Structures are given as C-alpha cells and as structure tokens.
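Just so it is clear, A, B, C and D label the chains in written order, and each chain counts residues from 1 on its own.
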Amino acid sequence: MAQVKIGILGAGRIGKVHAENLIRRVPEAEVVAIADVRREAAERCAAELGIPRAYGDPRPLLDDRTVDAVFICTSTDTHAPLIEEAAKAGKHIFCEKPIALDLGAIDRALATVNRAGVKFMVGFNRRFDPNFARARELVAEGAIGRPHILRITSRDPEPPPLEYVKSSGGIFLDMTIHDFDMARFMVGDEVIEVYALGSVLVDKRIGELGDVDTTVVTLRFASGAIGVIDNSRRAVYGYDQRVEVFGERGMIRVDNPRLDTAVQSDAQGDHATRIFHFFMDRYTESFVREARAFTAAVLEDTKPPVTGEDGKIPVVMAYAAKRSLEEHRPVRLEEVARGG
Amino acid sequence: MAQVKIGILGAGRIGKVHAENLIRRVPEAEVVAIADVRREAAERCAAELGIPRAYGDPRPLLDDRTVDAVFICTSTDTHAPLIEEAAKAGKHIFCEKPIALDLGAIDRALATVNRAGVKFMVGFNRRFDPNFARARELVAEGAIGRPHILRITSRDPEPPPLEYVKSSGGIFLDMTIHDFDMARFMVGDEVIEVYALGSVLVDKRIGELGDVDTTVVTLRFASGAIGVIDNSRRAVYGYDQRVEVFGERGMIRVDNPRLDTAVQSDAQGDHATRIFHFFMDRYTESFVREARAFTAAVLEDTKPPVTGEDGKIPVVMAYAAKRSLEEHRPVRLEEVARGG
Amino acid sequence: MAQVKIGILGAGRIGKVHAENLIRRVPEAEVVAIADVRREAAERCAAELGIPRAYGDPRPLLDDRTVDAVFICTSTDTHAPLIEEAAKAGKHIFCEKPIALDLGAIDRALATVNRAGVKFMVGFNRRFDPNFARARELVAEGAIGRPHILRITSRDPEPPPLEYVKSSGGIFLDMTIHDFDMARFMVGDEVIEVYALGSVLVDKRIGELGDVDTTVVTLRFASGAIGVIDNSRRAVYGYDQRVEVFGERGMIRVDNPRLDTAVQSDAQGDHATRIFHFFMDRYTESFVREARAFTAAVLEDTKPPVTGEDGKIPVVMAYAAKRSLEEHRPVRLEEVARGG
Amino acid sequence: MAQVKIGILGAGRIGKVHAENLIRRVPEAEVVAIADVRREAAERCAAELGIPRAYGDPRPLLDDRTVDAVFICTSTDTHAPLIEEAAKAGKHIFCEKPIALDLGAIDRALATVNRAGVKFMVGFNRRFDPNFARARELVAEGAIGRPHILRITSRDPEPPPLEYVKSSGGIFLDMTIHDFDMARFMVGDEVIEVYALGSVLVDKRIGELGDVDTTVVTLRFASGAIGVIDNSRRAVYGYDQRVEVFGERGMIRVDNPRLDTAVQSDAQGDHATRIFHFFMDRYTESFVREARAFTAAVLEDTKPPVTGEDGKIPVVMAYAAKRSLEEHRPVRLEEVARGG
C-alpha cells in the first residue's frame, strides 16, 4: 500500500477540512469517496475537491473494498455506531472527538475496534500543533525534569450558539475536553481527581441552560503533580490557547502565535498585532500533521499516537468535573468510571 | 510636621532595608532611632546608616516623644504586642506582615489601633511593585471591564531553611499569604471560598514536617470571579512572580522583569537573560514606594493604602487553605473567621 | 475568464513552488502546461502535480492559445528574451526577479511588454509576506507619519555555492536587490543616492572572486529620509529578515517569526526556539499571496502590484551600490541609469 | 585610604546626580566639598545632600589637601582648564564628556594628566548601563566570535533647546558622540573611517542653525567590521537606545527596558508599557556604576575603565562625521586627527 485510500464520513466543516488537507498536503493519502446524509453536501464537496465518489449514506462507502480507512466527521451521536460498522468492515478509523457522550457506548465501540484489529485514532488535533508538540517533546526529553505544575489557559473568542450549548453536554464536554487531553499529553501522566469551579459571567442565558461559561478545573496527577485549566467562553482579544509546564529543572511556556510580527511604537507604548480569532486559523497546521500521523500509522502498521483510551479518558474527566461542580467537592475519576 | 520622625523596631534584614530606604530615598522621613533586643545589632545598624539613637529594647523608643511613627520589623510573634504598645504610645504604625498567626491576637491589636486613632499599615509590599501597581491601576480604571479570572504564579527560587518551615505556620501562612493579598488587591473584591491542593515534590523533609512545597489554591470571589494561585518552593530559573487578570473586555499580564535586556541568538535560538533570583532585588522599588506611601499617609492625614483589615484577611485565607488541604474540600472563609 | 490558465516556464525549484501554490492554493488559477529545456524535469513535475502538458521547449507553450499567462521561472539570462516572446504572444507575464542583469535588456523587455499591453509583474515576493505587508499597510495609513529612518537587516543562513557567486553579478544583484525593493516599498519613496561599505569576513574565497560577503548600504530618499541595509552571507542563527521604519509619529518594527512559540526557562535564562533557516519556509505564505495577487490582477484587469519599473529600479540601485563600493564614494542613481 | 574623598566641581544637573549617587550609593566615596561659580547653587546642593563645604570657586576645593579626587561637572568649555589645574593639584579626575571641543586642548589636558600621574576617567556612562555592559561582556567572552556588523540606534525623545543646538558643536558632538564611544566599546576595535548622512526632518529651525536632526553614520573598523549608527532628535515613543552586535557565531541585541512589564490585551492586540522618556531614568543605574568604577580605580590603584584616549577619540569621530556630511564623502579619522 503506497497510499492510503480514504473515505470521508461527513461533509460538514470539519469533514471538508480533513478532505482538503488529505488531498493537498498528505501525499500518502488518496481521498476516494465522501458520504453525508445530506447527499448534496457530499456531492458539492466532491466536486470542489475532485473526490471521485459521493454518497448520501455511509453504507456504500463502508462497503467499498478499495477504501482502506475512514475519517468519521459526522455529528457526535453517530460516532460510536459508525466506529462499530467501520471496524466490522475492516476499515482503519480516524474519529473526531468525542467518541461518544455515553461511556458505555465508548467502551462498546472500542471493544469492537479491538476485536477487528483495525487502527483507531481520535482527533485531539491540538497535540499536533507545532507549538504544543515542541513543548511536549521538551518535557518528554526531560528538559524540565519531573513536572510539578501544569497550567492550561483555553479561552474561546466568543460563546457558541445557544442551540449548541443545549446539546453539547456542557462546557466540560465540549470545550474543556481538549484541555483534559492536553493535560494528560503534556505531563505524560494520569489524572486521578478533579475539582471544578464555574461561574456565569459572560452570558446569563448560558446559565439559564444550566451551564457555566467561566471555569477553573484543578487536576491531581498520579505523580503528585498538580494541574489547573481555566476556560472562558469569551476572550475579546481572540482565541487564547496557552500551556505552561513547570518542573524540577525549569519551565516551558507556549504562548499564542500572532497574525504577524509587526510591532508599532508610539507615545502609549508598544503595540503588537492580535492573536488568531478562529480555531481553524490557529490550528491549521495541527490538522495537517494529525492527518499525516494517522496516515503514517496505517502505512507503517504502527500504533496511532492518539488511542481509543486517549479518546475515552477526557470524557471521564469531563463527567468528573461536571459532578465536582454539581456536588461542590473534589471528585476522583474512578467514581465516574465505575458509575459510567 | 514637615518630616515624619520614625523609629525602627527590629534591626534584622527587613528592618535594615526599611531604615536604609527611609534614609536614602524618602525625603519626607527621618529615622531618629532603632531598637533591637540584640542591642549590638541596633548599634551596628545605627552606625552604618547614621541613625542618632540605638536601643536594646523597644521601650525607650516608644517612650520617645519625638518619634511620630514606628516600623515594626521584629519577629512575627512580637508584632501584636508591639502594635498594642505603640498604639497606646500614640505612634503611627507600619507593621511587617503578618500581624500575627493568631486571629484573636490580630483582632485585639487592631481594636487597640482603632481606639488609639493612629495610622496603621501592613507591609504587603508587592502592591507597590511598579509592575503590579500598573496592572491594578489598569484594572481599577476598567481597562478590562469586570474581572473574570485571576491567575497568580508565585514561586521561590529555593526552599527556606527547614528551621523556618517548622515555625512559619506552613506554606499558606508564610508564602501564599502574599498572593492572597495580591488576589484581593488585583481584583478589588473579596474571596469567599478557597480550595487547596498540595504536594511534596521539592524536598521530602518538608513533607516530614507536615507541610507541602507545591500548591495550587483556587479562590471563589463574591462577584463570581475565579482565582488561582500556584506556588512552588523551588523554581530553578529564579524568583517567579507573575499575575494575570482576565475580564470581560480584555486581559492584563505582568511578567517577570529581567536582569537586563540583552538577548543572544545562536543556532539553538534566542537566549534572554534570567530573571531575578532574590526577592530583595525583584522588589527593591516596591519597598521604597511602600515606605513613601506610609509616610505620605501620616503627613497628609489620609488612610494608609493597606489597612488592618487587609492585614487580617490573608491570614484568614491561609487558615482556610490549610483546612481545605487537611479536609480535602472547599472551605468558606467564614468557617475560619467564625472559628478563629 | 473565471480562471486564469497558466503555463510555467522553468521546472526548477522556484518554478515548482509556483506551480504547486497555483494548483493547491489559488483557486482562480489553473496550471495547464509546464516547459523546461530539461524535458524530463518538466515531465516529472507535470506528473507529480497533475499538470496536463509538459514541454522540453517554451515555444509550444507560448503558442498554446489556451494559455492566458506565463510564470517565467527560468535562469536569469533567459528572462528578457522570454518576456519579449511571451508579450508578443499576448500572454500576461509573471517574471521572477531580476528581469535581467543588463539595464538595456530590461528597457527593451519592458518596452515590448508595454506595446503588447499585457499584464506584467515581477517576483519581489517579500512584499507579500504577511509581516512586511502589515508594516507597509501601517506606514501607508500614516500610523507613523512621514518616514525618517528605515533599517533593513537581511542575512542569509549560509553563503551560496561559489559557482553561484561567480555568475550572480555579486551580492548587490543577487541578495541586496530584495532589500532595495523592500526599501522603496516600505517607505513609499524613491532612493536618489546610495553609499556601500563591504567586507570579506565570512569566506575568503568570496573575496577572491571579487565579491564581498558583508555589506552595509545607506540610502538617501528623495524626501530626505535615510535608509540603511545590512547584509551578511552567514547568520548562524538562521535566515534573519527584519525591517524597521521610524517616522515623525512612531516606529514600526517587523521581527523574525519563529518555528514555534515554546520558551524554556532554566537557571541561565529564557530560551526561545530559533527562527527559520530556509527562505522557502520563512516566505512560504508570501509566494502564495504573490501568485494570488498576479492572478487577481489578470482576472480583474487591474495593474499588478509590482510593476516593470519596480523590477528595474532595484537593478539600478544594485549597480549604483557596486560602483559606490568600487569608487569608495556615494553614487547617485541617475549616474547609473544614464550610463546603463 | 578606605574612602575616596571627593570634591564636586559644578552643581548643575549632572553634578548633583553624581553627588547624590556618591553619597547614597557608593560607600567607598565621601563627598567633602562642592564648588560652583554660582555660589548659591553649590550651597543649596551642599545643604540638601549634607556636603560639609561649599564654594563659589573651584580654587579652594582644588587647594584642599583632604580632597583626593574631583568630579568635573561644569560647562564643557571649562573642562580642559579644570583638568589641568586639578592634575597639577594632584587630584584624581573624573570628567564629564566631552573633554573639550578642541582637539589641541584635549591633547594638552591629557598630557598634563599624564605628567601628573593622576587617575583620569571620562564620563561615558552608557558603558556602565547593565544592559550594554552585559552585551559587551558577552562579546568580549567570544559569545558571538569576531564581530561583523554593529548597529546602534540612539534617538532622543525631543530636540534640545535651540540655544543648546547653537553652542553644542552640532549633533555629532553632542549626541552621536555617545554612540561613537559605544561603537568602540562594544566591538573592542578602532574605527578608521566614517561616512555621515544627515537630514532636517524634525525641526526646520535646527536646519537654519546649520545642523541636522536625523543622521545615519556608517563606520569602518580596522578589522573590516562595519558599524552603523542612526540618530534622531525626536522619537515620540521615548528615549530609544538599542545596540546589536552581529558576528561569526551569533548576535547580541540589547532592547530598551520598559517602565513596567504589564501587557494589556484587547481586540486590537497586545499593548506593552512605553519605554523611558528621560535619559536620567533610563541610565540611573549606569551613573551609579560609573561612579563606583572610578572610585574603585582610585582605591585599588588600577587603570580607570574609560581612559583619556577614550575621551578623545569620539571627538575625533564627531569631527570626521561633520566633515563627511559637509564634503559628502567618507572621511578617515586620520584626516581629522592630523588636521586637529
């Protein structure tokens, strides 16, 4: 297999990003088909990007013997069933996060994947951001020794539509989940307990839907290291994504990249150009590298760098944070995993 | 009164810093006497700095009618009794933090000060650091609107002597106390609840003494804003003192000043000079401005910018954090204040 | 014309960059043919990128009625003749810099272009770099008022092969030429006189070939503004490309972007990741934006943003700098233009 | 001699700065007298700072046997005669720059100093700025190998009074002279030729007085290294003082320190506090270190770090720059030294 033949499931925003990246920037991949329940979306995307086949249903794509792997980019509720079907059809699977909102469904999907022996990777793209990847590399090399304190700041430029808030499962499941993954990735250790604080400071209507828009979650790692994540649904200055790891021999900080390096000086001081506003712009490169990593794992028959377990644990952490907020106490992950 | 005549109580490290600053950099102050139970320390200091009178006991200094104000720079356990005596002698009082480790003693000292009607100011010098002061000014002007998230990083370059750890009351009372004050100062709001995480990662012996060396404390403010403080007893790269306030209209960050602005570029990248290692170097200017602020309050008969209440609340917060760590749950300040 | 049909002349490094960018990142362009005197190079490139036709000679490409525009990416000595032929064939022309090393040849080529009435644009890609473009935008908006001082630093990571030095025309024609263009672009004014200093400090063999490897060129603008360019053939820390414009109301500085934003702190200080090493990586985005700008000018029938005159003047400046270095005196551009 | 007994000549701005620094921050110095032709200025300063003796004439101070050293802080035209008198009186001499505007007068003064065998140091305080001093230290240690290119930016926040411009000798003698010294200091090599460009862009009246307000001066060093200095009489954003040394193994840059480290982020980007506006604030520390260095050289009987020759050469460079501007050609220093 010199090229991985890929089918895209879902022709929405993220499906198109993956299709385009695979076609233009991953020479080892060939996108041979795309499916979407909105057939015309699949067809429009196929026409734009030159994808040979377009379907209004995932079935024919999964039945296509020439397809080696699928990218599951559909709505969250369909992830688990599609994983199971794709696994049974012997396709390698790249699945957008989260695998599912139900822990039982995640377990069943992962069990099916295991039995089928196909490659499986979850789309925690931020691990592939060149800035965070470099920081992790330094930590893994021992540049700062044993990690002691982790700080993650992750703030959106503006709140999602209220409709989305209603169905997303809440801030911990739709937003902090990325940071939960980043925490495990960056420190290279498991979190055993979380404690969550939350407030409604950005938009009252978010509170009326039972969610919060501003949170701080502290993490206790197995090693004794301590982590803290802060989230806001609205940072007026842009999409704020920073990480800091402090350890016995030093510290690594990853700051936000800027749109450009121009700095203007006047009597008020120095003015640097703003940071990115949209996650697609901020994380452009991470999606490409993620797709390359999955393709390489398929071609070289190696373990993909983000596993099914990596897909599950942040969901467990999100439920633990949710319970912590509700019950106003620290919650151990095993309490949730047991109950899940 | 064109100049405030000041007596220094305590000729140790911090007493000498105040004496020297008052003499060299506060033209509105005149240091007329210094007392220390180690008489020769007082005499040596007087000789070095040209202070007219030196005593081996605070009494004659407090009896001296020409003394307008005292700087209490003695060991913590003597602060409260000296405050009471000085207040009764009609002296204005600048007292190093903490007022006392016992909340009852603090209350009694402050009551005496109130009855005496003298000026009273507590030495939370970091408020006067030009960097933090500028940040607070911006927050107070509304530059970022209502504060939502506060982050304080405060890490020492190396652990104090174990002897000190034994008697200091623990990390929350000797180290985080500064950050508790900074949190209230920076946000301009009261904390109602704290939750503390702690680990022993730097030095096992600190753990054997019943203390931790690495902590993260989260703060819930009355307004709903959330704060987080992280502390470590050892940052190999220096004395790390940073603050970030995030709000509805933006963010203000205060980074560490460096020893110099030289940056070296080579094939590995860019290398900037390290930050300060010693708190005296990092906060040189803050001590001067603090002394000026106290002197000005006395001369102009205004309320000093750090009050007795400001001196008490961080101690309450420290006890709440201690209890939180012991009982492994969030603790409201009123639980401690009641019990105190 | 919804898409511009483009033929690429030259399948070397820069030809391939343009072909790839046009195909993948300029939807308004369609690459229909590529020609190279090394026919197999053209064919290999066509195969890799899916270009329909490949030729071993520019003629058939220029004869192809379906081709709207050409990108001239061949060796410098063939630029002028190919411009003339393409213009006569009615093709719009994008030409890599320099148009020619001979000023008479440049004039003849531009005259032919004018008579033919085709679009013509020269490849000074750095104008399209997002960092420099933003700086120019700020200057043009009047953010700093009238420019007074311009500083350009432009240093290569390593010297070119000695073979290249022999035939390039020297440092001013192969390296500083970009900075001469940047100077005119950034200030928005014409240079009337230059003075060049040069030394051989990097590699003696460069000196033996009659060239220098380290230069500083000062520029006198018509407005009285003063510019200075410094060049080195070897900056061990990478490809150093900076610009600063200082004016009556402030300053704008463009610093080098870095590979990533990770910063490591240890007892020696803070260590930031290095800058780019290779011009292709540093200027990736500028080539895409340049190709888009040319395509847009053709589609919308507007004047391309880099004209023939813009292509000629930096060559004049390079000859003036060369003469200045040889004659050890300031040289006015009109001395060279007259003599050219 | 445990302390150097110092007399201050000149009670103007810079005289007071030195007096205050010596008294407050140089324990090895004792200021015993001050003299100024405006007797009341000397007396006021003595009263303020507690200097025992004040004179309306330098003579009694120079006759005072207890005075070990003098600080010459009078107007430039009196420097050379006072140096000669002080040297004859056996006093060690610290003299503000420039020694004189007349090269012959400089030579005579230095000859007298040599004959008298007293210590002599010229006040090029910027060498003692912690930022520049660190950069020089790195260069001297070989951190960047052999220097190839030096860039100095030195811009004042606003032009001096026109009266001052009339008598100062012009921009090269009153402003660039500091940068000429910095160039020699930073590179550790001698300049052999200069070329100056100048314009009147800030204030027409400066031009009417025959001076320029914006200049770029290039320097050819004996080693082949090339330097460039740019000056402006008005940088609206503050007192801009930067240096960059580029060499075979890397680069060192010194940027402007800021008033504080607070950075504000909003939708427009990041806003850092402005730099210093006044040279006294920017160079506070350098004056103290300079005074310490002189005092140490006297006490330890070592060569002061800024010699008479160091005082003379920048004046020669200034005259060479002046001639270069007038004659519109590069000028060798030896042309001026011969003619001087």
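Everything below uses one rule, namely that a residue touches a chain if its C-beta (ideal position, glycine included) is under 8 Å from a C-beta of that chain, and two chains touch if they have at least 3 such contacts.
A quick note: this is a predicted structure, and the numbers were derived from the prediction, not measured.
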Reaching subunit D from subunit B through chains that touch each other, fewest steps: 1
Pair exhibiting more inter-chain C-beta contacts, A-C or B-C: A-C
Distance-maximising chain from subunit A - centres being C-alpha averages: D
Subunit A-subunit B separation of Cα centroids, rounded to whole Å: 42
Distance from subunit C to subunit A - Cα centre to Cα centre, in angstrom: 40
Separation of mean Cα positions, subunit C and subunit B [Å, integer]: 58
Set of subunit B residues in contact with two or more other chains: 236-237, 249-251, 265-267, 273
List of subunit C residues in touch with subunit A within their complex: 24-25, 130-131, 133-135, 138, 143-144, 249-257, 259-267, 273
Touching residues (chain side subunit D, partner subunit A) in the complex: 236-238, 258, 265-275
For the subunit D and subunit C complex, residues of the former touching the latter: 146, 148-149, 151, 153, 155, 195, 197-202, 214-216, 218, 220, 224-228, 230, 232, 234-237, 240, 246, 248-251, 328-330
